[in-house]
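Structures follow.
Both complexes shown next keep chain A, but they swap its partner, so chain B is in the first and chain C is in the second.
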Partner chain A sequence: MIVADEKSLPEILDMIKDCNHILVLGCKGCVTVCNVGGLKEVQILASALRIGRKKDGRIVKVDEEILERQCDPEYVAQIKDRVQNYDGVVSLACGVGPQFLSEAYPDQHFFPAVNTKFFGGAVAHGIWEERCAGCGNCIIHNFDGLCPIARCSKSLMNGPCGGSSNGKCEIDKEILCIWDSIVRKKMASGQLNDLLKVMPIKDWRTARDGGPRKRIKEDLTK
Partner chain B sequence: MSNDLKSGSNLEKVLRSGHFAFTGECGPPKGANIEHLKEKMHPLKGNVDAVNVTDNQTAVVRMSSWAASTIMVQEGIEPNFQMVCRDRNRLAMMSDILGVYVMGIRNMLCLSGDHQKFGNHPESKNVYDIDSLQLISLAKKMRDEGKFLNGEPIDVPPKIFIGAACNPFADPFEFRVYRLAKKIEAGADFVQTQCIYNMKKFREFMKMAVDMGLSEKCYILAGVTPLKSIGMAQYMAKMVPGMDVPNELIQRLKGAPKGKAAEEGIKIALEQIEEFKEMKGVSGVHLMAIEWEHRVPEIAERAGMLPRPKV
Partner chain C sequence: MTTDNFEPKILAFCCKYCAYAAADLAGSMRLSYPSNVKVIQVPCTGRVDITYLLRAIEDGADGVYVAGCLEGECHFLAGNLRTKKRVKYVKKVLADLKIEPERVEMFNLSSAMGPRFAEIANEMTDRIKKLGPSPIKNNDQCKEVKHDCSR
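Then we have the complex of A and B:
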């Protein structure tokens, strides 16, 4: 899923400083699962904005709502009849949400309340980690299911760099050296030979480097 | 190794003729101060076979390694131009390889590069379009096939002596010799190791490399950095990832008479060089006298490395 993180309250208050009536809009997709943009977070942010503005001596009226998904025109259309009632809409969806909203309602102002961080999952309660870089051409079967593109700080394809130390990455002792994990997994299964061939140079056209991407599933477009 | 020279560099000729090679290192200045650069490089002239010119080492921005290497050529010193994968995509790499070749540069060391998080611009975007092994194979393709990565022919291919780095002390230790083997398979003609302090571990590593026949396919130069102080030794031991400084060495420096730690550091380096001269599979020493270039003539002399062979 897409994992996001809260923006600071002062930053959001600054975004809405010219608004007197706003909508805080959550999303039931990924951001609900990673506890940043679900109904509960909508309510908390709405309260915090009311309190923050009250302290400032400028009351703001805040409505609360959540959509099934903000990355789908069908659900975005559900606020069509009331979206123009607001001076601005604060979206708690990932970066996709406020863009779909902006495209659907060009006259309205949409503000992002979260920072979209990565594709990943929860490794423990309250802890999420990156797993995928969305390069558009998955090769993890070569590395026992572990991705060096997303998880090695240098996206190395041919083994650990000289900074790998005690299973940790040179840039931060909290970051796993994924190459250490790949090598140990291959050694344990007696398949180290798999890692001895030089990996071909990657074609990045399938990644963001090839320009903004689009997926078309022909049978659904007819 | 075939009889034809791959690049005709001095370093290649020294190694090919069976001499024990001796390379040095010089970090370009943090500015366009050409006098400072010349001041740093001149003690190396005639005392080493080639000088590594670092490429924004520790991710701190400095004068570009190709420009500093070019100045070195003009000053009659042979550079070993370093290129890291952190700052260039494949287009920039190939064009820089052509550019440095035209400027008379004949050795190139292919490196991943320190992550920008360590440096003085940690906010920067990293590139890592290709990795250091793939950079080796790219340089080899350009030289031996006379082709760009896309297969198009190169009008006058760059004949470069291709180097790689090797850190026997990083983890997982068991994989390190295989990573070296991969670099050789990719096309490395010579390898310079990370600074060696743990001799026991290095002997073990070299035995594996020799047993696998790697030293027959590629020249291995052992990395030596004299410890200038107890503080430097402790910093290397604790703060530099992948560096293995045994406690005995730190104790030895501590045991030196007051004000003599640097001399003790040089003695340790000289003892190491003596051992490397005899060590099976080791073809030379790479002396990284960090910000101590002016001490290189003395170290070279005391190590019995002078005069350098004329080949």
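Then we have the complex of A and C:
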């Protein structure tokens, strides 16, 4: 899933400083699962914004709503009849949500309330880690299911660098050296020789380097 | 309202198994505590959500506290520990909004600690009296900003 993090309240309050009536709009997709943009977070943010503005002597009317997803036009269309009633809409979806909303309602103001961080998962309750860099050409089968593109700080594909120390990366003692894990896993399964194969230079055109990407599934298109 | 005659409104979320029972005991012991404190019984402090605390502040409470079992003695194992983190979160929200985070607090006590219940109520009332009225309440009559959403 896409993992996001909360923006600071002063930053959000600054974004909506000229608005009297706003909609705080959550998303039931990834941001609900990573506890940053679901119904509960909508209620918390709405309450915090009301408190912040009331303290400054400037009331803001805040409505709360959540969409099934903000990254599908059919769900975005569900607020069509009321979106223009607001001075601004604060979206708690990942960066995709406010963009779909902006495209659907060009006359409205949309403000992002979260910072989108990475593709990852929950390793424990309340802790999420990056697992995928969305490079567009998955090669993790070569590394026993561990991705050196997303999880090595340098995205190295042919073994660890000199910064690997006791299984940790030199940039932070909390970060695992994924190459240490790959080598250990290969050793445990007796397949260390697999790593003698030199991985070719990666074609990064399938990643962001090739510009904004698009996927078309012909059998679904009209 | 001057701070001299300021009588704060304080909300206390009290766990049925400890703080609420301690309040009963305080009553049986004829211990007095300030009438500023309004008690809400909850089945466990783990039931207290972040939104409850924020809504209390939003709706004009000068202070809010949660009183749960002693750490390690929650009847539902970890309800009080979970809410301790929620109280910490709300304190951060208030601090971000430049409101005194001390207006929200977490306390732990057992059902046998009637005098401690009264002590907490006194402590919280004194604290809020020193802080003064909630800046939210002061602005109940605040005006809407002039609409200026340039698009």
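The rule we apply is simple: the second predicted complex is superposed on the first by the 221 of 222 C-alpha atoms of A that agree within 3 Å, B and C clash if a C-alpha of one lies under 4 Å from a C-alpha of the other, contacts with A are read in each partner's own complex, and residues count from 1 in each chain.
Keep this in mind: a contact is a pair of C-beta atoms (placed from the backbone, for glycine too) under 8 Å apart; a residue touches a chain by one contact, two chains touch by 3 or more.
None of the values given here were measured: they were computed from a predicted structure.
Colleague: For A:I59 in the superposed arrangement: first (chain B), second (chain C), both or neither?
Modeller: Only chain C is touched by A:I59; chain B is not.
Colleague: Which holds for A:I201: it touches chain B only (first), chain C only (second), both, or neither?
Modeller: First partner only.
Colleague: Quick check for you: in the superposed arrangement, does A:H109 touch first (chain B), second (chain C), both or neither?
Modeller: In the superposed model, A:H109 contacts chain C only, not chain B.
Colleague: Using the touch definition from the top, say if A:N20 reaches chain B (first), chain C (second), both or neither.
Modeller: After superposing on A, A:N20 lies in contact with chain C but is clear of chain B.
Colleague: Once the shared chain is lined up, is A:S165 touching chain B (first), chain C (second), both, or neither of them?
Modeller: Touch partner of A:S165: chain B, not chain C.
Colleague: Where does A:R69 make contact in the superposed view: on chain B (first), on chain C (second), on both, or on neither?
Modeller: neither
Colleague: Between chain B (first) and chain C (second), which does A:L9 come into contact with in this model arrangement: first, second, both, or neither?
Modeller: Once the two structures are laid over each other on A, A:L9 reaches chain C alone.
Colleague: Regarding the shared-chain residue A:K154, is it in contact with chain B (first), chain C (second), both, or neither?
Modeller: First partner only.
Colleague: Taking the touch rule as given, give the residues of chain C at its contact with chain A in the complex, in rising order.
Modeller: Listed in rising order, the residues of chain C that touch chain A are 49-51, 54-55, 57-58, 93-94, 96-99, 135-136, 139-140, 142-145, 147-151.
Colleague: Per the contact definition, I'd like the list of chain A residues that touch chain B in the complex.
Modeller: 153-167, 170-172, 177, 180, 183-184, 187, 192, 195-196, 198-199, 201-202, 204
Colleague: State the interface residues of chain B toward chain A in the complex, per the touch definition above.
Modeller: 85-86, 90, 112-115, 117-118, 126, 128-134, 137-138, 149, 165-167, 170-172, 174-175, 178-179, 181-182, 185-186, 194, 241-242
Colleague: Under the stated contact criterion, what part of chain A meets chain C in this complex?
Modeller: The touching residues are 8-10, 17-20, 40, 43-44, 47-48, 50-52, 54-59, 87-88, 107-109.
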